[in-house]
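The following pair of complexes shares a single chain, chain A, combined with chain B in the former and chain C in the latter.
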Partner chain A sequence: MPEWYGWAGTILRVNLTDKTVKKEPLPEYLATQFIGGRGFNSKILFDHLRPGVDPFSPENLLIFGAGPCTGTLIPCSGRFTISTKSPVTGGLGDANSGGHFGPQMKWAGYDMIRVEGKAEKPVYVWIEDDNVEIRDAEHLWGLDTWITTNEIIKDVGDPSISVACIGPAGENMVASAAIINEYARAAAKCGVGAVMGSKKLKAVAVRGTKGIRVADPKGVVDVYFKYVRILKEEDEWWYNNFSKYGTPMFVDQYQGLGALPTYNWSEGVFEKADELGVEKLYPKYVKKKRSCFACVLHCSPFILIEEGPYAGFTGEGVEYEAFTGFGSKIGCANIELVLAAGTMCDRYGIDYISCAEVIAWAFECYNRGILTKEDTDGLDLTWGNEDVVLELIRRLAYREGKIGELLALGSRKAAQKIGKGAEYYSMTIKGQQPGSMDPRVLAAWGFSYAVGNRGGDHLRTHLVCEYMFTPEEMEKYVGTAAASDRFGWHVAKADLVVWSENMRTISNCMEHCTYFNRGAPRLYVEFPVDALRAVTGLDWTYEKLVECAHRIITLERAFNVREGFSRKDDYLPERFYKEPLTKGPGRGKVVPRDHWEKLLDRYYTLRGWDTKTGWPTRETLEKLGLKYVADQLEELGKLPGKGA
Partner chain B sequence: MGERYFIMVDYQRCTGCKLCETVCSLTKTGTVNPAKSRIRVIVKPHIGVDVPILCYHCEDPPCLNACPVGAMHRDERGVVIIDEEKCIGCKACIMQCPFGAIFFDPDKRVAIKCDLCGGDPACVKVCNEAFPKDKVLTYVKPKDVAKWKMLMRVKQIEESILKTYRAEPLVR
Partner chain C sequence: MASVEELRVPEELKKAIIREHLDGLIGRTHLLILESLEKGDKTRLEVFNDIKGRWYITAPTQVIRATDQLKRINCIEEVGKKRVKFVEAEEAVCRITDKGRILLRALKEIYGEVT
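What follows is the complex of A and B.
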């Protein structure tokens, strides 16, 4: 067995069906070829899930994966990934979260916690170093995430443990259910909470006291100081503002770019955006700043509403997505509603991107007469009617009434059920809605939404470098200066998306926050190499990391191909191709449909995938050491050129 | 006698990132393991409470007075130190500390506490790098504490006045 530095070296397998716990050594090839976190999870999912498996069946896996840097001094390294087959997209699903859960599980000695099977009665898993127990959770079932966390802390008797749990939304297997750790950190996307609910697993609580060995302790401290200083010097504007305001500052920023989704993405500027700006938020509602583990950016505002109809709401980390979701997307301009709704989502265990998405869809359908008062149980969903929002969230979480049942499906499935052209207004890609930046004015970002392998998603690329990098930087690092115009649809955008996807995959695998490397190119190309070298003691290079990223993305693609995805799924919702924006800096802009095909061709070519189908080719798979994947796809008739 | 220092904590500004715990264990033991850290942060995210707990190096330390085997002493700079060789792991010091700032090493089975890293505390450096403007941990001399506190109070009052009166520089 190798000496592990950085990685803990053990995979924990918890089987809920027969209540057994197994520990397996981490295979060395997994560490060197898939780095950690998202890479590990995707590999295990591909290898162990049968194609076409029902996401809610006991066969589905729910995997908590940490990376080699998780829980070390590497800045912003408090993250972990939860992966499963997604009930929302039907393909590969993963969700990334911060807080202290990832570090705790590493300190307890595990790189991955692999949950298998399905419990008969509600249970929670308690992990303290080598001791792993599957405990009864009947007393916790039905409780919200905050009370659940408090109760488990009481059970265990230690406030410094970390709890990842689901709320009522997860228990009711709502499409937008998230897994919440540390009260407000959400592993949100892809309906991971619903899968956890289907397994009757209420929570995973962990306390680690074994610690992590790093190869070069002094080197890790040096990496910390070196790169925090680079962040401050080379991305100064970002550091100063983001550490002061956090993500709510994007409301002003994207409004300025004309990319603030308004009235369910029909516009790019919101006439009342001033009401949602940081000036309104700070300092009136923000009492202090909080952060995830090892964070140097501390973006999370702790909020308290002291008076008015929403008095008494406290919460942490209400993000930009809530400001658009419960603000501009439905035409509401009440910041207190945004804060209250964000907090309620955390407590019910809901992802507020997906929740707001389906609510905005319902608002638009109601205003267009597709949904009637009969469908909404008498609720009035006129644009801007803020009184119904909290009630909608509650009904969604408990699947209460007709409207609750409908919203719980997520907008794509709900639209299919309703018909009457409602599908046009479901702004989802592969069933999932992307983050709130309008693709009509942020070209590369828009393209990455469509090709992202967990469905519409802004974090697979987090493409701020599109407008942050200078053309010279773009030329030097991405290889083409043509990608730096945010309105332009040059084919070079595909190059930029490939590069960004690779960079973010590395971030998701070593598990550090993508807000850390944003505008400064050195933080993309030098930081991961130095950090991984100091932590693991292995001889990483930039090229090697990019190859790992390419391997992971191709494997994830293969997972989706197995589930029936192909080129036809890599398109944006029709609205973005058809309806030009009418206001703001993006006036008259649409996504050019004819150009889209060229971009897709270029993207597949760069990835080494077949341009006709979007499937990975045998040549590419074998080059990446994934021969068995090619064999499996061939057997299924899903290898390009072989019975395609 | 050397110049005396201690680490002052601003609870209002702490965000609960635990960088201090991490670097403390890394410096002291070579592994990242907050269970061996000499500074601990208790976080309660839902009510916005983050409390770093560490030794203030009391002038009349109850822990030192409680040690039955003389394993603790104050050095010439006033730093309260545990001699791990002499410590019998009785935990009397842990029980006596009014702040809960002495911890138990689960492997070595002895009491552990902050020794200010011999005058250059790693936690303060790492914390100040992450919070350059609003210092959470400050390495100060005891005689300066009152001054710090006064200035903080003045700043608070200044801020409240500036909110009331518009005191921006006049522009022609």
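What follows is the complex of A and C.
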């Protein structure tokens, strides 16, 4: 067994069916070829899930993975990823969260917690260093995430533990169910909370006290000071604003860019956006700022509404996506509604991007006469009617009534059920909604939504460099200044997407926050190398990390290929190709379909995938050390040029 | 993108560009910003509105970053605040410095007119 630095060196396996716990040594190849976190999880999912497995069956896995830097002093590296086969997309699913859960699991001695099987009755897993117990959770079933967390803290008798749990939405296997840790941190996308509910696993609670060994302690401190200085000096505007306002600042920013989704993405500017901006939020509702472990940005506002119809709503980390989701997307301009809805989602254990998306879809269908009061159980979903929003969230969480049952499906499945043209208004890719930045004015970001392996996804690239890098920086780091034109559909956008996917995959595997590297290119290309060298003691290079990223993305692609995905799934919703924006800086802009095809060809070529099918080729898979994947795809008839 | 070697500017300015890790990263965007500021003091957002659509300038944040880079090498200075509306309610007003004028001339020698 190697001497581990950074990695804890152990995989914890918890089988809920037979109530057993096993510990396995971390294989060395996993560390050197898949880095950690998302990379580890994706590898295990591919290797251990058979194609076609039902996401809600006991066979599905739910894996918590931390990175080699998680729990160390490396700035903003306290995250972890939860992976599973997604009930939303039917493909590979994962969701990433911050807080202190990731560091705690590392300090307890585990790089991964692999949950298998399904419990007969509700349980929670309690981990205290080497001691691992599967405990009864019948008394917790039905409770929201905040009360669940408090009850487990009481059970364990230690307020310093971290709890990741589901609320009613997860228990009811709602498509938008999230796993919430420490009250307000959400592993949100892909229906991970629904899979946890299907396993009758209410929570995983962890307390770690062992710490983590790093290879070069002085080097870690040097990396900390060097790169925090670069963040503050070379990305000054970002650092100053984001550390002051957090993600709610994006309302003003995306409104300014004409990219703020409005009325279910029919427009990119909202006439009442000023009512949702940071000047309305601060200082009236924000009582203090909080942050994740090892954070240097402190983006999370802790809010309290003290008076009025929403008085008493309080919570942490209501983000941009709630402002557009419960604001501009449904035509509401009441910041108190946004804050109330955001905290309510945390308590019910709901991803508010997905929840707001299906609600916006329902609003549009109602306003177009596709849904009627009969479908909505009498609720009036006229644009801007804020009175129904909290009730819709509650009914979704509990699958209550016709409308609750419909919303719980997510918009793609709900639209398929309704018919009557409702599919056109489901703004999803592979069944999942993207983040809230309009692709008609942010071309590369839009393209990345479509090719992302986990469905509509703003985080696989988090492509802010499209509008933050100077064209000169774009030319130096990505290879062409043309990729800086956010309105343009130059094929160079595919190069930018590949570059950004690689950079974000490295971040995801380190379990590092994507808000750290934003406008300063050195934070993308130099920081991970120096951080991983100091922490692990291995001789990482930029080229080696990029190869790992390519390997992971290609393996994730292969997972989806096994499930039936191909080029046909790499498209945006029709609205973006057909309906030009009519207002703001993006007036007249649509996504040009002919350019799209060229971009797809270029993207697959850069990735070494077949341009006809979008499937990885044998040559590429073998070059990445994934021969067994090529063999398996060939057996399934899903290897390009092999009778496919 | 001009390398420091190509830029006909004083040694002190070359050293500042290298010190700030901007070698090879000063180009047409910076030329356009300096040209705009030579016509009068402006906030970063006002500069963006003046030059948008030229080169690949399509977002205020590109101009904000490039202007911050020019500030780090003392080619612009901030001379007060003004109310605008792009996240921050108030933004600094920027002015071109003598060094900035020298850099502008050097960039024009390389790039000429930028469209």
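Everything below uses one rule, namely that the second predicted complex is superposed on the first by the 644 of 644 C-alpha atoms of A that agree within 3 Å, B and C clash if a C-alpha of one lies under 4 Å from a C-alpha of the other, contacts with A are read in each partner's own complex, and residues count from 1 in each chain.
The rule is simple: a residue touches a chain if its C-beta (ideal position, glycine included) is under 8 Å from a C-beta of that chain, and two chains touch if they have at least 3 such contacts.
Being a predicted model, the structure only gives us computed values, none of them experimental.
On the superposed chain A, the two partners chain B and chain C both fit, without a clash. When the two complexes are overlaid on their common chain A, residue A:Lys23 makes contact with neither chain B nor chain C.
Contact with neither chain B nor chain C is seen for A:Lys612 once the two complexes are overlaid on the shared chain.
When the shared chain is aligned, chain B comes close enough to touch A:Phe302, but chain C does not. Set side by side, chain B and chain C differ in how many residues of chain A they touch, and the one touching more is B.
Legend: residue contacts after superposition of the two complexes on their common chain; A:Gly519 is shown touching chain C, with no touch to chain B. Looking at the shared chain after the overlay, A:Ala184 reaches chain B, while chain C stays out of its contact range. In the superposition on chain A, A:Thr72 makes contact with chain B only, not with chain C. Using the contact criterion defined above for the overlaid structures, shared-chain residue A:Glu233 touches chain C, although it does not reach chain B.
Of the two partner chains, chain B is the only one that A:Lys287 touches; chain C does not reach it.
Overlay on chain A (Cα): least separation between chain B and chain C is 11 Å.
No residue of chain A lies at the contact with chain B in one complex and also at the contact with chain C in the other. On chain C, the positions that touch chain A within their shared complex are 1, 20-21, 24-30, 55-62, 64-66, 68-69, 72, 85-89. Here chain A touches chain B in the complex through residues 71-73, 75, 78, 99-100, 103, 107, 146, 149, 159-160, 182-184, 208-214, 217, 220-221, 224-225, 228-229, 232, 287-296, 298, 300, 302, 304, 314-316, going by the rule given at the top. Those residues of chain B that touch chain A in the shared complex are 12-13, 15-19, 22-23, 25-27, 29-36, 40, 42-48, 50, 106, 122, 125-126, 129-132.
Residues of chain A that touch chain C in their complex: 233-237, 241, 245, 249, 252-253, 256-257, 278-279, 467-476, 481-482, 484-488, 519, 522.
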